[in-house]
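Next, two complexes with chain A in common: one pairs it with chain B, the other with chain C.
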Partner chain A sequence: MNDHKFFTKKILTENPVLVMTAGICPAVAVTESASSGLLLGCGTLLVLFLSSLPATLMKNIIPEKAVCASHMIIIAAFTAVIQMIFYSWFPQVTEEVGIFIPLIAVNCIVIESVNGFARNNPVLPTLFNGLGTGTGFLLVLILMGIIRESMGEGTLFGYSLFAGDMTLMPFAVLLPGGFFLLSLLAALNKHINRKTRQKEKNMTNNDREEEKISS
Partner chain B sequence: MKEIIVVMMTMVLLDNIVLAKALGACPLIKLSASAGRSAAVGLAVTFAMIGASLLTWPIDRYWVSPFDLEYFRIFLFIPLIFLAGYLVTAVLKKAAPSYWESMGCTGHLISANCAVAGIAFINIDQGLTYFEAVYSALGAGLGFTGAMVIFAGMKYKIDNANNIPEAFRGIPAYIMALAILSMVFIGVSQAASAFIS
Partner chain C sequence: MKEKSFFDKYMVSLAVIICFFVVSAGVVFGTHKLLEYAALQKVVKEKERTEKIICRNSLLLLKQHVFFSENSKKAIKAAKEKEEQEKKKDKEKDKEKKDEDKKKEDNKEKDKDNE
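Now for the complex of A and B:
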């Protein structure tokens, strides 16, 4: 079975934020601190994973016209649950993230993978796809949060990194800094993908030549 | 009247929903093509925002707030916001099919759009009155349209440039352009707020 491929390819080659340009808004607006990036990433991963399960199980019951609306209701219900849990467990960070917790429900990533993938695919690939998409988003958010917080504020998860109030680059915590960093990450991802594709191409070409020689 | 103008101009110029709050950056990058098409999409999003504000505000004032149902807010609001976007796309499809085709986009980027949902939640958080909420949505929509038309021009320039490094072609260059636009905008809005106050 190759179902785990749906998980691995979503992390680098089809990363939801860096390649598919979905969910740029939370990725830029929330990652001013690493902890809020981590919280929102976990929330999105949970909502995505939990709501793709009923969506794929009920795909034969829901009539074609009501698919979008019923998926929206499923996603909204899980987002509400996640918000309640986060408020009781991590009240301070949830307050910081603010309106982006409710906005998980209209996040392009969640909607595209629930509405586009779950309704046409069996259970196991859907679960792997949900997990992979969420993990790809979570990794981007944590990476951006760590870089932006350590450069802009001189702290990491609230602990100060340098002596005194030194900051390397206060620009990093502003909104343009977030866009800038996201663009650099997307370019890096594109570069890595191109290199790996070239390597694979070379490998297959070499194999073919060897086959020719041996035949 | 004065308050309404202040609320609207704040949403267009100072608190621009895309460039100062990063809401709705995904449709901005995906949908902006020519200036005309971008304006069409922007106006559709504006109507969806007004519809979402019209629907959600009374629910919050007369049902959620009096009975302390804050934990229930997301579950009530998201379907309503989706309904507003769906109504706008349905009306557009019926009333102006050529206009709808010229937009050339799938409906869910309008109905399920961070900017549309965000403005409904922001209006409630700021405690605006009903008319202020509607005008704030109108201002946010106009700000979104403006950003989209500006970005369409930048996207045209990027697509036709031939000296961009290989790794930056396409999406990374668009995001970089958005970063520069947002930087310019924040500078202008700081200057404007200093000038006003």
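Now for the complex of A and C:
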């Protein structure tokens, strides 16, 4: 498999939130505003990418018994670094996101990607996998944040969209609204995946028929 | 065959974990110090900017003060000149009046002499 396919695969066909249903808790809890979703998504992406690199580079050095602990230490260190950077650069949004930034360290997406994928694969696929997983998570968070904030509060990144205090669907900001939107996105993603798979199947069938005819 | 002791069994793993822990702590501490330094630099820059603004403003105030004091000196001088001129005019008027009165008195005396 080409290395860049790990990236594209993790965004659509194996999206961590929509397909693997991992990291749902922060995805629903934080996406009340688009800026919070963007910040948490960026944080997760950075932690994933930065932690994957030492994990895959040192997979032959670390003894089997110390793998889990070492990976946890790497992830926790990068999470602490990202948290400090976010606190100094975007204090207000980081305050809004709150506990979910330190909780990146125990996010199952990050642990699976670093502890599961990085320890068994070479450098490039690991990096593409980390980038793809992080980007997939980030895209879902941004999309959910944009939809929930614009529908529920009538604002986007803090700027009001409609005149006055008009809101289209106040239900969207609440937790049930978040779960409802997440399920809708998952269904849409499944539909798109099925369509693309069908197209690929048809194309391979056509190619086989053409080969038969030509032979 | 002699069985390995607990220390022999886990020594390498423990050493690796401790190494990772120390390096991670170093990375976190380094980042913290870097961010602290950046924040300090930001504060210093802000302070310098504020000081520059204060200096510029006080210079402007000084210039304004000089301008006003020069203008007020000029105004005082002009007012004094005007006062002097008015005094001169008053003196001349008084003189003219006295002359007229004298003339009138002379005329009256002449009229009396004629009578």
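The rule is simple: the second predicted complex is superposed on the first by the 214 of 215 C-alpha atoms of A that agree within 3 Å, B and C clash if a C-alpha of one lies under 4 Å from a C-alpha of the other, contacts with A are read in each partner's own complex, and residues count from 1 in each chain.
The rule is simple: a residue touches a chain if its C-beta (ideal position, glycine included) is under 8 Å from a C-beta of that chain, and two chains touch if they have at least 3 such contacts.
These figures come from a predicted structure and were not determined experimentally.
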item: Chain A as common anchor, with chain B and chain C clashing or fitting; value: fit
item: Geometry of the superposed three-chain model: angle at chain A (Cα centres of chain B and chain C, steps of 10 degrees); value: 100
item: Contacts of A:29 with chain B and chain C, given as first, second, both or neither; value: first
item: Chain B versus chain C as contact partner of A:147, first or second or both or neither; value: neither
item: First, second, both or neither for A:74, with chain B first and chain C second; value: second
item: Touching partner for A:174 - first (chain B), second (chain C), both, neither; value: first
item: First, second, both or neither for A:84, with chain B first and chain C second; value: both
item: Most chain A residues touched (candidates chain B, chain C); value: B
item: Partner chain in contact with A:65 - chain B first, chain C second, else both or neither; value: second
item: Touching partner for A:115 - first (chain B), second (chain C), both, neither; value: first
item: Overlay on chain A, chain C to chain B nearest C-alpha distance, Å; value: 8
item: Contacts on chain A seen with chain B and repeated with chain C across the two complexes; value: 69, 73, 76-77, 80, 84
item: Chain C to chain A touching residues, read off their complex; value: 10, 12-14, 16-17, 20-21, 23-25, 27-28, 31-32, 35, 38-39
item: In the complex with chain C, residue positions of chain A that touch it; value: 61-63, 65-66, 69-70, 73-74, 76-77, 80-81, 84-85, 88
item: Touching residues on chain A, where the partner in the complex is chain B; value: 18-19, 21-26, 28-29, 68-69, 72-73, 75-77, 79-80, 83-84, 98-99, 102-103, 105-108, 111, 115, 174-180, 182-184, 186-188, 190-191, 194
item: Partner chain A, residues of chain B touching it in the complex; value: 19-26, 29-30, 71-75, 77-79, 81-82, 86, 108-109, 112-114, 116-118, 121-122, 125, 165-176, 178-180, 182-183, 186
